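Okay, handing you the structure first.
Labels A, B, C, D and E are assigned to the chains in the order they are written; within every chain, residues are numbered from 1.
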Amino acid sequence: MTLPFTSADWWAVAPVSIVAIAALVVLLADILFARREQRYASIVIALAGLAAAGFVAARQFGHDYNAFFGGFLTGGFATVFQEIILIAAAGSVILYAALGPASRIAGSIAIMLWSACGAMLMSGAANLIMIFLGLELLSLGLYALCATDDRKASRESALKYLILSSMATAFLLFGSALLFGATGSVELADLANPAHVANPLFWTGAGMFLIGLVFKLSLVPFHTWTPDVFEGAPLPVTAFMSVATKAATIAVLARFIYAALPVSVGQRLLLPVWIVAGVSMIVGNVGMLAQRDLKRLLGYSGIAQVGYILVALAGGTPLGLRYALYYLTAYAFMNLGAFAVAAAISPHGEEGADLRNYQGLAERRPWLAAAMTLILLALAGLPPTAGFLGKILILASGVSAGFVWLAALLIVGTAISLYAYAKVVRAMYAPAETGLPEPRPFVPLAWVSAAICCAVIVLMTFYPLIPSNVLPLAH
Amino acid sequence: MVVPIGDYVALAAVIFFIGVFGVIVRRNPLIMLMSIELMLNAGNLLLVAFARLWLQNAGQIFAFIVITVAAAEAAIGLAIIVTTFRPERFVDVDDVRSLHG
Amino acid sequence: MSHSLGVTGTYPLVLTLWLLPLLGAIICWAFGPQLRTMSGWLASALVGISFVLAVASWSDATQGAGGTLGAHQPLASWLPGFDFGLLLDPLSLIWTFIITGVGFLIVFYSIGYMDGDRAFARFFAYMSFFVFAMLTLVLSDNFIGLLVGWGLVGLASYFLIGFWFERQSAVAAARKAFVINVVGDVGMMFAIFLIVANVHSINFGAVFAAAPALSAGVLFAICVTLFIGAAAKSAQIPLHTWLPDAMEGPTPVSALIHAATMVTAGVYLVARCAPLWDHSHGAQLLVGGIGAATALVGAILGTAQWDIKRILAYSTMSQIGYMIMGVGVGAYEGGIAHFFAHAFFKAQLFLGAGLIIHALADEQDIRAMGGLRRRMPFAFWVMLTAVLSICGVPGFSGFFSKDAVIYGALQHGHPWVYATDIVTAGITAYYMFRLLFVAFLGEYRGEAAQAHAAAEPAHRPHAPAWIMNAPVAVLIAPSVAIGAVLMFGGENSPWQRFFAPLFGATSSRAIALPPVSEGVTTLLVFITVIIGFAIAWQRYATRSAQADAVARLRRESERMPALLTNLLYFDWLIERLFVRPAQQLGALFGRVLDPHVFDGAVRDLVYWARWLGTLVRSFQTGLVRAYALILVAGAACFIVYYAVAAGVR
Amino acid sequence: MIVLATILLPLVAGALLFALPRQDRVLSRAIGVVVATITLVTVIAAGTTSEWSFRWLSRPFDAAFHFGATPTSFWIALLLTVATACAIAASREARLRDFVAQLLLLEGAMLGLFLARDLLLFALFWDLMLLPVFFVLIGWGEHPATAWRYFIYNFAGGLTLLLATAAFGVIYGSTDVIGRAAGPLVGAWAPWIYAGFAFAFLVKTPVWPLHTWMPPTYSGLPAPMVAVVSAVQSKAGLYGFLVIALTLLPHEVHAYALALMVLGAVSLIYGAVIALTQNDAKRIVAYSSLSHLGLIAIAVGSGNPIALRGALVYIVAHGLFSAALFLVLGYVEEREATRLLARLGGLGWKNPKLAGALCIAALAALGLPGLAGFAGELLILIGVYQAGYVWPVIVALIAIVVASAYFLRLYQDAMNGPEVPDVPVRGDLTWPEALAVAPLLAALVVVGVYPAPLLHP
Amino acid sequence: MIAFWTLAAILIGSAVWTIVAAKPVYSVVALLINFAALAVVYLTLSAEFLGVIQIIVYSGAILVLFVFVIALLSSGVAPFAIGPNRLPKIWIPTAVAVLAALGFLIFAVARAPQGSAPATAPVGNQGVFGSIADFGKALFTVQLLPFEVTALVLMVAVIGVITLGGEQMREVRPRAQAATDRRMREAILREGKG
């Protein structure tokens, strides 16, 4: 029996495959190398795999791949999402090098790579099965990763994430089943059939499907897990989770909005999503106000930032997706940069996550403080960073789509967030207190990572990828 | 099909929400995990019923994959529960609340 | 009626005489410590040269006729319609003479008076600056330039009143003078707005040419607002209160600025804007009335003062009232003549007072003087001639000028003003002779001189006496005789003929046929003066009055009516009506509204944001079941929405 | 190209200053002064003809990195460079290297703002220029709450500006619009866009009742920084009104002119009356700024050409005298270790140059005829009156009287009166100190006497 | 019809028992019943393969795992000692929310076209539907990618469990020991300097 697949099908999943294989190699190397070298061997192999996958994905860009009977589409915006996920994975893997000696490093990296596979599959997934599967692959890996640290908080975060996320996945599954019931097909493309519009199964199915997605995006009121899990999870895992989960889920949501929804019902069907996005922008930002942990702060921040990104999607225009991608890219670098700085000043464990340790950082580590400042400015949407341009693009998209109330909420939320971010900045430039742990000496990889992130954040302001239509939409 | 599809949907929904109820009301993580399995199975029931309705085996395959994934999830979930609660005195999720605020 | 724009051309003399004092000011300011006493000589020399140049410019100033009378020197332009330049015509020439001529004498006198002061050079810088500013005022050919000069003389006045700025009273007086003058500036600014809005030009010529075409209301508004400026600068009620306080400055300052020149700027303004006033009867009535009232009030308040300089200050206020009244009602030549004569005799009075004060170690209370006739005969004669002149004793300069003003009021149809003026003349005689008698007759009542001599022996180097005496002596001549020389002869006097090209003939402008002749007026004035003199003689100069002078004076001070000691409650009213409410408002805004209401609103916003944050975080109990519950609640909302939305279709 | 260099020079120099040794004082100030002076020269050299443009966005609207001076912004840029050079020359703060660097960064950001020909670029630099001030408030300020107040208010304004800019771009299709006659924006959204701009501009100026960030900020910032901030940064909003709102949204400006004028008039009298009762010298000047800038708001509201020209003169004049006032008050504070009027006094005897400098600045501020403040004030009010608005003129005139009272109080309480005995007497202005304020004072006289170049754009 | 309702009753009853059972072991038993009943429902819906899988995987693998874990957790510590309920009466809002959602869901579904498919949708072949051959063919052709990915999912599960459990005990002690050693070394160095 010959399989009905061509090499194009396999080529389409090549980036995913490479990452998956890299994870296996990492595990293999863990057995082969001596204990002292295990850490760097794992990191190097993982980075190599990610780089290779990134290269392959970049080669795919601009071509349309409709692989596995339409189950997996890539080459267009999915490729960009994949690249973002790969960058997130690479940035997170680097953090393992920056932090103190961690146990289970090979296992952790391997699982993280497989999670990245799940996220990449989600970004190309074009049917309900692939969406569910990608989501589960991503989530299962993250459950495990959250618990890999020996701190009690780490295990607690894993438990909470497990229970809540599984529940949300069950909602997604139930919704998918209802969608399947309404249309008789699992392909997203078949959902876009005006005939189903009248079917209540379709509506309730879409609603429950969206609950699952919105949970992954940690929008209010499905956000409750985010701060706790972000705080409890190990630093590299938080970094990965904060970017990859959101990127992959936004990819799914975008495909659902653009490909699966009949235009006539789109806005009415998605209204709850926009509402929760609006609420999230406020809740996420006010939640940041009195936080003492960087990871928790960024958790709340992420709640709001996803809200911003959804404003770009709200119009349902192809340009909106581009702006969302732009902002998401910038956001990825902001988060990775912030975590890199946090890792670079953690002498033993994760002291970099404790905001009290940032007091007077500008005196002790002026460059790291400058980098952190730039990143926080970017998160707040201030120039000269991509956060500024991203925000104005989002606003432009929201306004042109008629979602002025969302744009206004974005402004209000941003105003609140400024206070929270500026507090960290202020602490860094305030006089140092005694008794704080001395930051780590020089951690090359973390410094390089932070520097790259800062450079990208600034350069993206002045050379945005938007103008020349570099992001054709393929679905 | 003799039985109207609406009845399957209703049945699945009832089981699903029993699972939801279980997750919230019970404090034993194992039972919470079982409740989640109930919710997944409700979804599966729906998939299989609709597959029969449409005579589309995609639904069955979906259900098959869900079963696989559920197995994996149970494995990881149980591992997490074990690592979380083995050092503790009680197996009670209400005691796990150091992260808050 | 002619509108003076002058013959446009280049007039180096005018430019030089205008800028020389500025040069002096800059040099004295910048190089004061190096120049030391040389600064005084330099400043007076430069002002003196200016005077010479002014004399030399006579022919320029009187050239041309009608619409182009005088010399016009364009300077610069801001915008179309905003052209700046200098204008030297007969009117400004007269002022220039006084400013530079009397100014020279007073600056010269100051070399002696200010000798040994620790800010000697700065004083001359300010004096020179004043002369420059005053020249700017009178030489400007437009309202903005006038206003610039107006403001700058106020500034110079401010500096000089507060010259001894370690004294809080001087500082306060300076500030008061400045602020009230700003009120005047603001009035003039409003006039400029009116003018620009209606005429689209600021130049005198254009404005005056357009005056007949302006509506009566606008014209009246312009005149009134201009007069606010004039009133503030010339100490007309109710804006006069700064002038007595201004006596905190050194005496030469009082002589030059607060007697001879600056305070007469209002007179200049009204005279300059004669074409406007001529077309607004209401404005004439108002200005004439206020002038007469000021003359009366100043005279009344003058009777209740004991400080020699304050008496002179009130007399200045009163005399300027005459001038304002004169130019206000349309008797321009008379008003200007009174300014001219007044400049001499009032400068003489102040400088004479300065001689006394200088000699008595800064004693200014006439109750602590007495018997100075024997101790300081030169000062006595100086004061006596000036008093006779100011009282209008026939033959003296003041007689001619004051008569012209008083009779002018009648000529232009203001009998009440006329009557007030005559009464005022009597009161003037009373308080001026009171000053003379109390200070110079009887026995010396003060201890100051002896104490001064004991405390400060000879090591304080005094400038030679002639430096102070000579300028005063020079002043005696004009204050006695200039009236007889220039103003004798009614319509045909040199004075009238000098101004005829500018204002036309007085008789032709007179609107009423006076019920009494000029001779009768002279007689009436003379009688009241005699009465005033007699009362003063009776109270202060008789032998019995001299006998127990100390006790009598004390009794008089104690029994002074409250109305007079409180200066008719002008200061009190201003304080209650404007100053205190402003401060209370400031306190209300600054201490209540700003921090608690406006800033409070923002702080409340921040507070609510933080409260919202606390609320949000209060849901983060850490209990996974609570999170699940929130999730399910949200999911229930979603499902309800979708179910309903689906059902609705 | 030269205009790009003008903007980049201070930014790059400011960043590079951090490479100097941390303790350095002399070199960093010298470099700062030199850079600021070169910037001044390049601003003049660039004039209003040099432009530089590079495409930035083509969607969702056209935007470009487009720099070039407009006739209005040329003068403000000139003012900025002069003020910055003077401020750097007058800097004596702790951690001088960082301080000078922040001043240069501020200068660069504000040059970018005023020379931007693109609205989006304008918004970018708008936010950017707030950052150095925030950092200085953190590092050198007196009270942490001050930094927050500054931050929250101004960034709130920046955000509405951002939203309005986005909406403008979407509707208009391009933001590359400053200083070119492309026609006004019309449509139902125009009033809302104007509201967004106006809020940002009014906060920045500031105008009552959005001003409460300003007195603490101005009194809390070190003198050289506040000199630049009050001189130039506060003009950003007015510049926005003059160059952006009036050309792009003229109908809206006209429609809501009354509101603007009422706010301006209230600021005018409110600031003046509060300044009358303050005890902190810098706060007096701060409230005076509130008052003075209200006048410009009135000018904008009147829309009269003479008033608008006068507004530019007054913008420059206010920049000059407020910079001079703050610098001189900085000297006073440096000498007396206080700026409470109740504890100052009698400085005029021992510090005549200091007194003279303060005097000229204060006189210009209270609108003494012959100095720059007067020229602007007069032209504005002439224009406003010509436009038919009498009540703002009367309010302004009252405020002028009050201004004379509080500025004299400021000057006299500090410089006049008996010398305060318990303060160690320190010398008069040194030559470097005097030279740092001299250009500002000289410019006050020059502009006051001959403002014509500013009036003929 | 009757079979369906019987099975439905069993399903609901066992599900309820699962969540109300006092001891976890009873829950496992109830869940076993539930899964078995579900397998029978699958069979009635022409999903033989799934029915078999349901029994094998769920009952045979997952529930056994649960039993193991119950045994493991109750061995060393007090068996499932329950502390105070931190969210007392939580069932009230839960019931409200759940019942509301359920009610609306069923309300909505009740309006769906019953028993037959909309005409536009593709309908499969009645004859071969549900056969294992048909299922297998689809699994290895159209749905090959999901099938492959399940391998990854299982891999994650395996490695995850190993990572979480396997190294846990082995690693903790040496790391803590190393940290203590380092701190002591630093303290000694500091003293030496002082």
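In this text, contacts are C-beta pairs under 8 Å (C-beta built on N, C-alpha and C of every residue); 3 or more make two chains touch, one makes a residue touch a chain.
Keep in mind that this is a model prediction, so the values were computed, not measured.
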Contacts common to chain D and chain E (chain labels): A, C
Centre-most chain, if every chain is reduced to its averaged C-alpha atoms: D
Chain whose mean Cα position lies farthest from chain E: C
Contact pairs, highest-scoring chain pair: B-E
Chain B and chain D, separation of their C-alpha mean positions in angstrom: 64
Mean-CA-position distance for chain E and chain B (Å): 5
Distance between chain centroids, defined by C-alpha means - chain A, chain C (Å): 78
Distance from the mean Cα position of chain E to that of chain A, given in whole angstrom: 26
Contacts with two or more other chains, residues of chain C listed in rising order: 606, 617, 620-626, 628-629, 632-633, 635, 639, 642-643, 646-647
Multi-chain contact residues (two or more partners), chain E: 86-87, 90, 94, 98, 101, 105, 108-109, 111-112, 117, 121-123, 142-143, 146, 150, 153, 156-157, 160-161, 164, 168
Multi-partner residues of chain A (each touching 2 or more other chains): 129, 133, 136, 140, 143-144, 147, 159-160, 163, 167, 171, 184-185, 199-201, 203-204, 227-228, 419
Touching pairs among all chains present in the structure: A-B, A-C, A-D, A-E, B-C, B-E, C-D, C-E
List of chain D residues in touch with chain C within their complex: 148-149, 152-153, 208-209, 211-212, 215, 270, 273-278, 287, 306, 309, 346, 348-349, 352, 356, 363, 366, 368-370, 374-375, 378-379, 381-382, 385-386, 393-394, 397-398, 400-402, 404-405, 408-409, 412, 415-419, 449-452, 455-456
Chain A contact footprint on chain D (complex, rising order): 18, 55-61, 65, 120, 123-125, 127-128, 131, 134-135, 138-139, 144, 147-148, 151-152, 155-156, 158-160, 162-163, 165-167, 169-170, 192
Chain C - residues contacting chain B, complex: 617, 620-625, 628-629, 632
Complex contact set, residues of chain B against chain E: 1-7, 9-11, 13-15, 17-22, 24-28, 30-31, 33-35, 37-38, 41, 44-45, 48-49, 51-58, 60-61, 63-65, 67-76, 78-83, 85-86, 88-92, 94-95, 97
Chain C - residues contacting chain E, complex: 621, 623, 625-626, 629, 632-633, 635-636, 639-640, 642-644, 646-647
